[in-house]
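First chain A sits with chain B, and in the next complex the same chain sits with chain C.
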Partner chain A sequence: MHHVVLDQWSRRSSPLHRRDPRAKLIPLIVFLVVLATSHRLLPVFSACLFALLCVTLLWARVPLGGVLARAAIVLPFTIVFAAVTWVAGDPARGAALVLKSYLSALAVLAVVSTTPLPVLLRGVEMLGAPRFLLMVSQFLYRYLFVVSEEAQHMRKAAASRGGSFRAAAGALAVLFARSYKQAGEIHSAMLARGFQGRFHPLAAPHFHAADTAFLIFASSAPVLLRVAIERMV
Partner chain B sequence: MHIPDGFLSTPVWAALDAAAAPAVGLIARRAQRTFDDSKVPLLGVMGAFVFAAQMINFPVGPGTSGHLVGGALLAYTLGPAAASVVLTAIVTIQALVFQDGGILALGANVLNMAILGVLAGYLPYHFWGRTRGRRLAIFAGGALSVLTSAVLALSELLFSGIRMPGTVLGVSLGLFAVSALVEGAITLGAIRALEAIQPDFICRPDARRSFALGAVALAAVLLVTGGVLLASSAPDGIERLGSARALFSTPFSGYDIAALGRGWFPKAAAGLVGLGLVYGVCLIIGRRR
Partner chain C sequence: MAALIEVRGLHYRYPDGTAALRGVDFHLEEQESVALLGANGSGKTTFALHLNGLLAGEGSVTVCGLGVNRQSAGQIRRKIGFVFQDSDSQLFMPTVIDDVSFGLLNQGHGAQESAGRALAALERVGMASAAAKAPYHLSAGEKKRVAIAGVLAMDPQILVLDEPTTFLDPPAQRALISLLQELPQAKILITHDACFAAELCTRAVFFDKGRIVGEGSVLELVKSFGWDSAVRR
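Then we have the complex of A and B:
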């Protein structure tokens, strides 16, 4: 499946991979807010942010071409809307939609491709998001591939029963029942291993001086860039 | 229906993030009460099920097929609070891993699909799940959940100033209506098949409720959804309200911090300060209990 590749990238090693997830999440939010609120000189600013992200990705030793292509997933949806906006007589906004959505997706990818998802979700939790929700997300991601494989069998089963609406509904119900049963088995297995409703990470997260330095630098870079561009012109 | 970043204007995404954060916190707490921590694997696996169920195609006409969206189905099987938590987890994973939907737009997407979509989908079942009209209620719930999320997403885009010619708007509303009917049919088909396997998969609403109250609630949902759409495509009323703002003034009116002068920086600062305030309030409420 295509997102396995994201798991491979996020388990490589680089200075960016080693940063605490919180030190990457906060600059990501700052980046997205600064980009979302920009209007003047957007093309110049976007080009600078694009260069900044490319340098970051090269520094993180993830395949630049692969990440750039993956961020293009947003383009089909965006380009349709940009075309509609263009036709409605607002070409500048159409272009802004494409630039902003692509760069936002690229920025998210720069974080997700350098942080394994369990670590990232733990960072979100440490920033205050509800633990219950994040544990559900962890399980969801863990069993996504398992249930997807089961779903492929069910799809084949529905197709071989003629692919009718009834057959598809039956396949869906069986998939539901199997997932439900599997969840029960997983829970028993976890209880047998002493699960008490909370994950215990092997290493306690430490916020090092390097994390602080990265946090300050990465959060201020897009802000300073924008101030510089708007002052110059 | 997943709105990417860059589409919503700052007032829209900031307001929706501010509304979604406490709502998600509240719902997570509520779900945790009914499903203690030990049931976390169940909710996670059911989230994976909704993801995977998209692979199963339902024939809906010559050459076309639809797939389950799942909000209403989850609400009927796990209960509305747990369904909201599962869908919030799905929307979050989609934004992070699949680049489907933005991070700043997460509040909007969570509200549209995981909270309001699930509530609208559960409403008919809540009121008529024990009457003779049960099947119709299940169908209507599936349809209403998709229709509500889609119309809200469209309204948010229009509020953000994305212009759409009338024909495009009409075509997209028509498509929403078709996919809503498809979701209703799939939900009903899946629930009936599930009942045939194991009837206790489906939660039953605890008691018979007043028909009139249900009708009023349903009318309110339809009115609000339709009203928001009308307001967003012709925002004159809102602008008039804006020009009369002298009546009520807030420190961040116009999403500016007046003390910092004009331009983008006060806007961004006001946004960040607002987010920080909401974050702080949520953290305090979360710690206290």
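Then we have the complex of A and C:
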């Protein structure tokens, strides 16, 4: 079975893993807003936020190098825009773009790698996101693994007959047809167990005192850092 | 005593016009286990999907005294637990406990009661330790057990199992036979595995081109239709 690494990390155990998803999502939003709206002394502020995120990831016992490398996946996109901005005569803005996008990706990964996606989606739902959208995300996530395994079986079948995976269009069509068939079977399986168009959650997560304490600390840390750095000017 | 399932003159055509069932008559008594045998495409699964209203053909289907139609489908699905061939189609919820509770929550049971009954069902199939796991982290045999727990939790009167031994290794097949032998419910087993059917079923029917062409004990039927080599193995 092939599973995404993030999913494995998110099922580890640490004080951060045990926090309620809402206690991580709200600070994430605060972090992103504070970072996106900061201008003065951005390199210093970015370095402080980077250190804060690294300490958080070490505390969460997820591989720091692995998360740092995965956050860099956004760089090819932002570097292009940064280069255009640089050429247009605003190198500071280009550098800020790279810093902000990398730190944002790192912060998102810190939350995603410490919260299993179903739990995270439940947290998002409890914060008021549309239920239908989350249901689609949940199904997409659940069957991503099944479709991915199906694709790997097809690749192996093609390779075992001496072929490469060149006939990608044909293989994609078959993969789509199989996924469509499976979607029909899933719907039948849901109806067979009495589904009437609404998912009923088994249990709502409990928000403990430790979650409140973490929420206050994690939300105020980037704000306090920014205030302190801007006062230095 | 009235039969649990009574089917008379059932006909069904696929949307493309292909005749899948051509006048099927069938009955199932209390605590009886019946095997549906026959080649691929002979109509076994199509027939079974009519029993809980997932397909609707011409003819009469009565389950526990209720005629199967759109209005009675909800009640019928409480009485028939359907275990699908592909467990991945049946295990669509993010965690095992969420999945096993799915039917109970749809029936209107409270979250606490559903979780308790789901755990009891998981214990019954030896999967209680996997309650918090994601379904894609389970082996094929474990998925099958969880799928069975999902229907057992709903305490149906009749179990329909479609190719339950698919993807199972011999020890897992043996474990499944032991589990099914312990269950008091009436059972319909759709299978190509004559040995498996012979261990569990007192009666079998043989499907060919959408009709039941033979009825008797499993051993009699496999002999008369040339499937006895599979039993001698």
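The rule is short, and it goes like this: the second predicted complex is superposed on the first by the 188 of 233 C-alpha atoms of A that agree within 3 Å, B and C clash if a C-alpha of one lies under 4 Å from a C-alpha of the other, contacts with A are read in each partner's own complex, and residues count from 1 in each chain.
Throughout what follows, a residue touches a chain if its C-beta (ideal position, glycine included) is under 8 Å from a C-beta of that chain, and two chains touch if they have at least 3 such contacts.
Since the structure is predicted, the reported quantities are computational estimates derived from the model, not experimental observations.
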Chain B versus chain C as contact partner of A:L68, first or second or both or neither: neither
Chain B or chain C, by number of chain A residues touched: B
First, second, both or neither for A:F139, with chain B first and chain C second: both
Chain B versus chain C as contact partner of A:I186, first or second or both or neither: both
First, second, both or neither for A:L109, with chain B first and chain C second: first
First, second, both or neither for A:I26, with chain B first and chain C second: neither
Contacts of A:C48 with chain B and chain C, given as first, second, both or neither: neither
Footprint overlap on chain A, comparing chain B with chain C: 3, 117, 138-139, 141-143, 146, 182, 186, 190-191, 195-196
Interfacial residue positions of chain A with respect to chain C in the complex: 1, 3, 7, 116-118, 121, 138-139, 141-143, 145-146, 182, 185-186, 188-196, 200-203
Complex interface listing, chain B residues touching chain A: 4-7, 10, 13, 24-25, 28-29, 31-32, 36-49, 51-53, 55-60, 68, 77, 85-86, 88-90, 92-93, 95-100, 102-104, 157, 161-165, 168, 185-186, 189-190, 192-194, 196-198, 201, 263-265, 267-268, 271-272, 275, 279, 282-283, 286
For the chain A and chain B complex, residues of the former touching the latter: 3, 6, 28-30, 32-40, 70-71, 73-74, 77-78, 81, 84-85, 87-90, 93, 96-97, 99-101, 103-105, 108-109, 112, 117, 120, 128, 130, 132-133, 135-144, 146-148, 150-152, 154-155, 158, 163-166, 168-177, 179-180, 182-184, 186-187, 190-191, 195-198, 223, 226-227, 230
Chain C to chain A touching residues, read off their complex: 49, 52, 54, 73-74, 77-78, 80, 82, 84, 86, 88-90, 92-95, 97-98, 101-103, 105-107, 111, 114-115, 134-137, 150-151, 154
